[in-house]
Amino acid sequence: MLAVKKIINDPSAVVAESLRGLGLAHADLLEVVDEPAVVVRVDAPVAGKVAVISGGGSGHEPMHGGLVGPGMLDAACPGAVFTSPTPDQVQLAVQRTDGGAGALLIVKNYTGDVLNFETAAELAAAEGTRVESIVIDDDVAVKDSLFTAGRRGVGGTVPLEKIVGAAADRGEDLDGCLAIARRVVANVRSMGLALGAPTVPHVGTPSFELADDEMEVGIGIHGEPGRARMPVENAEGVVARLLTPILEDLPFTEGDRVLLFTNSMGATPLLELYLAHGIAERLLAERGIVVERRLVGPFVTSLEMQGMSLTLLKLDDELRDLWDAPVRTAALRWGC
Amino acid sequence: MLAVKKIINDPSAVVAESLRGLGLAHADLLEVVDEPAVVVRVDAPVAGKVAVISGGGSGHEPMHGGLVGPGMLDAACPGAVFTSPTPDQVQLAVQRTDGGAGALLIVKNYTGDVLNFETAAELAAAEGTRVESIVIDDDVAVKDSLFTAGRRGVGGTVPLEKIVGAAADRGEDLDGCLAIARRVVANVRSMGLALGAPTVPHVGTPSFELADDEMEVGIGIHGEPGRARMPVENAEGVVARLLTPILEDLPFTEGDRVLLFTNSMGATPLLELYLAHGIAERLLAERGIVVERRLVGPFVTSLEMQGMSLTLLKLDDELRDLWDAPVRTAALRWGC
Amino acid sequence: MGCTAEDLAAALRSAAVVVREHRDELVELDRAIGDGDHGENLRRGFDAIVTALDAATPPTPGAVLKLAATTLISKVGGAAGPLYGTALLRASTAVGDAAEIGPAEAVAALEAALGGVVARGKAEPGDKTMVDALTPAVAAATAVDGSLAEVLAAAARAADAGAESTVPLVARKGRASYLGERSAGHLDPGARSTALLLASLAATAAGR
Amino acid sequence: MGCTAEDLAAALRSAAVVVREHRDELVELDRAIGDGDHGENLRRGFDAIVTALDAATPPTPGAVLKLAATTLISKVGGAAGPLYGTALLRASTAVGDAAEIGPAEAVAALEAALGGVVARGKAEPGDKTMVDALTPAVAAATAVDGSLAEVLAAAARAADAGAESTVPLVARKGRASYLGERSAGHLDPGARSTALLLASLAATAAGR
């Protein structure tokens, strides 16, 4: 019998069955295509608009399927749990959403994601569609280097997708969208931490083991262990531990205007998340950094991982206006 | 040192610190008053509108603070974790939101909530405010009886607050709001189940212990154990086990139009929740019950409890239109 | 030698210590058949009573009871807040503005407290609530013809037995009622706290 | 007696069995320094290859390799999908439309496969990836002057040693690189699967 404590049937059918539910829940917004699996905006393709497409392993919901809709993504490509999607999926997403203005692929920087999207871009280009890619690598927990896989793409993906979606929506062409995407990537930084591990359905045991008094700092979103394991700290300690490396990295300095995104990795309740958010706001205020916009909630999750991440995006008027622009998706909605 | 794996500081200050973060995150929507703690719509009181007020123990976020805003609640009274708020909080909420048309208190049926809101209603009436209360008791897991505390209020609270909020918004008077509230309560049923327990900050250990292959069926939202402990089942089994008693209770029958609310108790990821939602939709379709509206996500949570609940509300045109009416809160937003 | 406002304030301070000592026990009892907050609710409430008494001791025992009552009502929440709050409020009224509480006032206060709990909570003996501790306590106190200390000692003993008697019961009121049959085999946290509080008052009275 | 399309199809079916047998081991290795999906990724991919072969066996070994390659690319995802997919695609091109694979074709295919993995993944030996198994395998195969079975046996032995050599390494490519120093002390899952696949091919060749 099923020993794993999950609301699932066959572990290898989890993604397909979940997508079915997503499609039924949000039929006004999106359509779920299967084989290969793609979540497409219900009114795609939108003529003359750049198609904004993302994707990645499943298990990070609401990212990306819950971010499909007017003002954000035209399509999302859900891979197996924690596994990048295949080129076929991306290729189909491009076919279904290209409204003649080309497609921008938003790719989180993981070897698998980069390779599969790369192949898809080649295939799409061969079919005559103009395709550009933006790779996001906002995780300051990973030391960057020319000789490694580089930094991971994590929480910064949500503001990136929102802002690029808005740019495409207001009629920006592919080069314009790409330029804005690059500006977001250049100005966004994140870091996360876990108090408990997620359990992948087809594995059935937690992705890592932590003692009762340990936490993993610098985790990614696939249950991979972090940079360091250390004794648990209180909320003040946790927030400072995430915020300091973020601030030092860009760096963010006095007078900067920012979007602060306080993200739950899944199991951390809103009660704790808002508490952490309040601390982050205070620490930023103390440094003279102006929090102009905020997002708090579980948006870039890692199944039921317990923990949180912070993301900071340096804003200018244009990025702020694009953030504010109307959006209508399952997970993010305002202005309409 | 802090042994409990939570992002908190002093366990007895969790609610106050969390509310601070909530207030900073959503300053456009709400104001957080402390001592006694109340979350108030930023533009309260709204002249001539019935004030819709709810509250309950903390730990169920986004309910209720995340449901404060135009089209839904005028104020929320957050108690200590899993502890009903005090009369002072409710009284202050009434004072801050009464726009001359009186206040409707939405009370979940727990002895503590009922008693404290009752006292508050008396105090408010003594001050000359017209106050009515609606008690919601939608949990079919609890056998109802005149001689017991009766059924609990659980997931049905969200559609109740949304619909009553919309009724108040369109100018319904206190009696009108109460009548609609009664119609919702009469037509809404829920049931929940847990695969894992939450941990209350001031307790530090899980509220109940489950073996690796056990689940609690018929749980409430305060970590209280459920009606029965049984071996874990797959998603088909779980959904049927929740849906059948709900359907039989009202009963819901062929041709009924419903709102289906698939709720995560906290730690159950959206991947699983959508999967369960898809099954529920299929089972309802098989019975000829028409799912006209749906809500999927963690709205009535129990900290990081792993599990889910289903709520079914029988709709008529008016209830559906009230559900569809614009709402602008931290957790629920559409139409504006 | 009755109990003055000062004495009563001191007794409540001692009770607050007892509540702190038994906080975890009450949490555990409530975790088993409720939501695990009873010990913390009373800890919060009695600490607040101490804070309120620190600010100023009211002039009469009745006024002390009233201060304690309103403090519990405004700080505790849950079921225990209004129930214990109402109990003390009614006790305060029963005591009136007497300068001291003697055995007769104590019996009257206990009766009024029970009346208040029943009026608010509508529980009957056997429902597995604090009523199962308070009801025999009132009966025992009424039956004693002796000093305040003797009255309270009898009440405390009976409350303790009453609390123990809740173990086999299936709860019909309060949060434990949701468990149905599974509530049997557990001590009711509110009955236990009632017994603890009466024992503390009795000990204070005996020690004076 | 070279390896025909039928033989290669049979070899891939055997490899699929090996992948299934080692699925959990590969998951465990990947769980330690990655995201725990490598075994399941290859299981899904090789099961899909078997399904594709069930539909029809392509006419030449090169065509079989191409079918396997496109199946992995379209069914696996992750890093392993495109890397193994490209490896097989390049191997297919290297083999051309030869009717049989002999030792020379096998060496050419292995060289092309390695070239494909490096072209896509840009890993160097010592980065703690499948390249650490494949590079010595190609060298060993090239050095052998013998039958197909002998070539593959040498490749498999070298791949196994190469995989073991990844244990002390600090990863510089792939997901394990995020762990920095903490990646040392673990066998790389992709290097292990490369060794397993080559061992399976060698065993099949030896058994014919």
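Residue numbering begins at 1 within each chain, and the chains themselves are lettered A, B, C and D in the order written.
Just so we're on the same page, a contact is a pair of C-beta atoms (placed from the backbone, for glycine too) under 8 Å apart; a residue touches a chain by one contact, two chains touch by 3 or more.
Here is each chain with its UniProt name: C, D = Dihydroxyacetone kinase subunit L.
All values reported here derive from a predicted model rather than from experimental measurement.
Asker: If chain A were absent, into what connected groups would the remaining chains fall?
Answerer: No chain A: B, C | D.
Asker: Going by the average position of its CA atoms, which chain sits the greatest distance from chain A?
Answerer: Between chain A and every other chain, the largest centroid distance is to C.
Asker: State the pair of chains with the top count of C-beta pairs in contact.
Answerer: A-B
Asker: Just how far, in Å, is the C-alpha centre of chain B from the one of chain A?
Answerer: Chain centres of chain A and chain B, defined by C-alpha means, are spaced 29 Å apart.
Asker: Rounded to a whole Å, what is the gap between the Cα centroids of chain A and chain C?
Answerer: 53
Asker: If you average the CA atoms of chain A and of chain D, how many Å lie between those two points?
Answerer: One centre to the other, that is 32 Å.
Asker: Scan chain D for residues touching two or more other chains and write them down.
Answerer: Within chain D, no residue contacts more than one other chain.
Asker: Specify, in ascending order, the residues of chain B that touch 2 or more different other chains.
Answerer: Residue numbers touching two or more other chains: 81.
Asker: Would you identify the shape of the chain contact graph, picking one of line, ring, star, complete or other?
Answerer: Graph shape, chains as nodes and touching pairs as edges: a line.
Asker: If we use the touch criterion from the header, which chain pairs count as touching?
Answerer: According to the stated criterion, the contacting chain pairs are A-B, A-D, B-C.
Asker: For chain A, which residues count as touching chain B in their complex?
Answerer: Contacts found on chain A: 1-3, 5-9, 14-15, 17-25, 58-59, 61-62, 66, 81, 195-196, 198, 212-213, 215, 231-236, 238-239, 262, 266-279, 281, 291, 294, 296, 298, 301, 303-304, 306, 308, 330, 333-336.
Asker: Taking the complex as given, what residues does chain D use to touch chain A?
Answerer: Those in contact with chain A are residues 27, 31, 33-37, 40-41, 44, 73-83, 120-121, 172-175, 177-180, 182.
Asker: Given the complex with chain C, which residues does chain B contribute to the contact?
Answerer: 12, 36, 57, 79-88, 110-112, 115-116, 118-119, 141-143, 145, 147-149, 152, 200, 202-203, 205, 207-208, 220, 222-227
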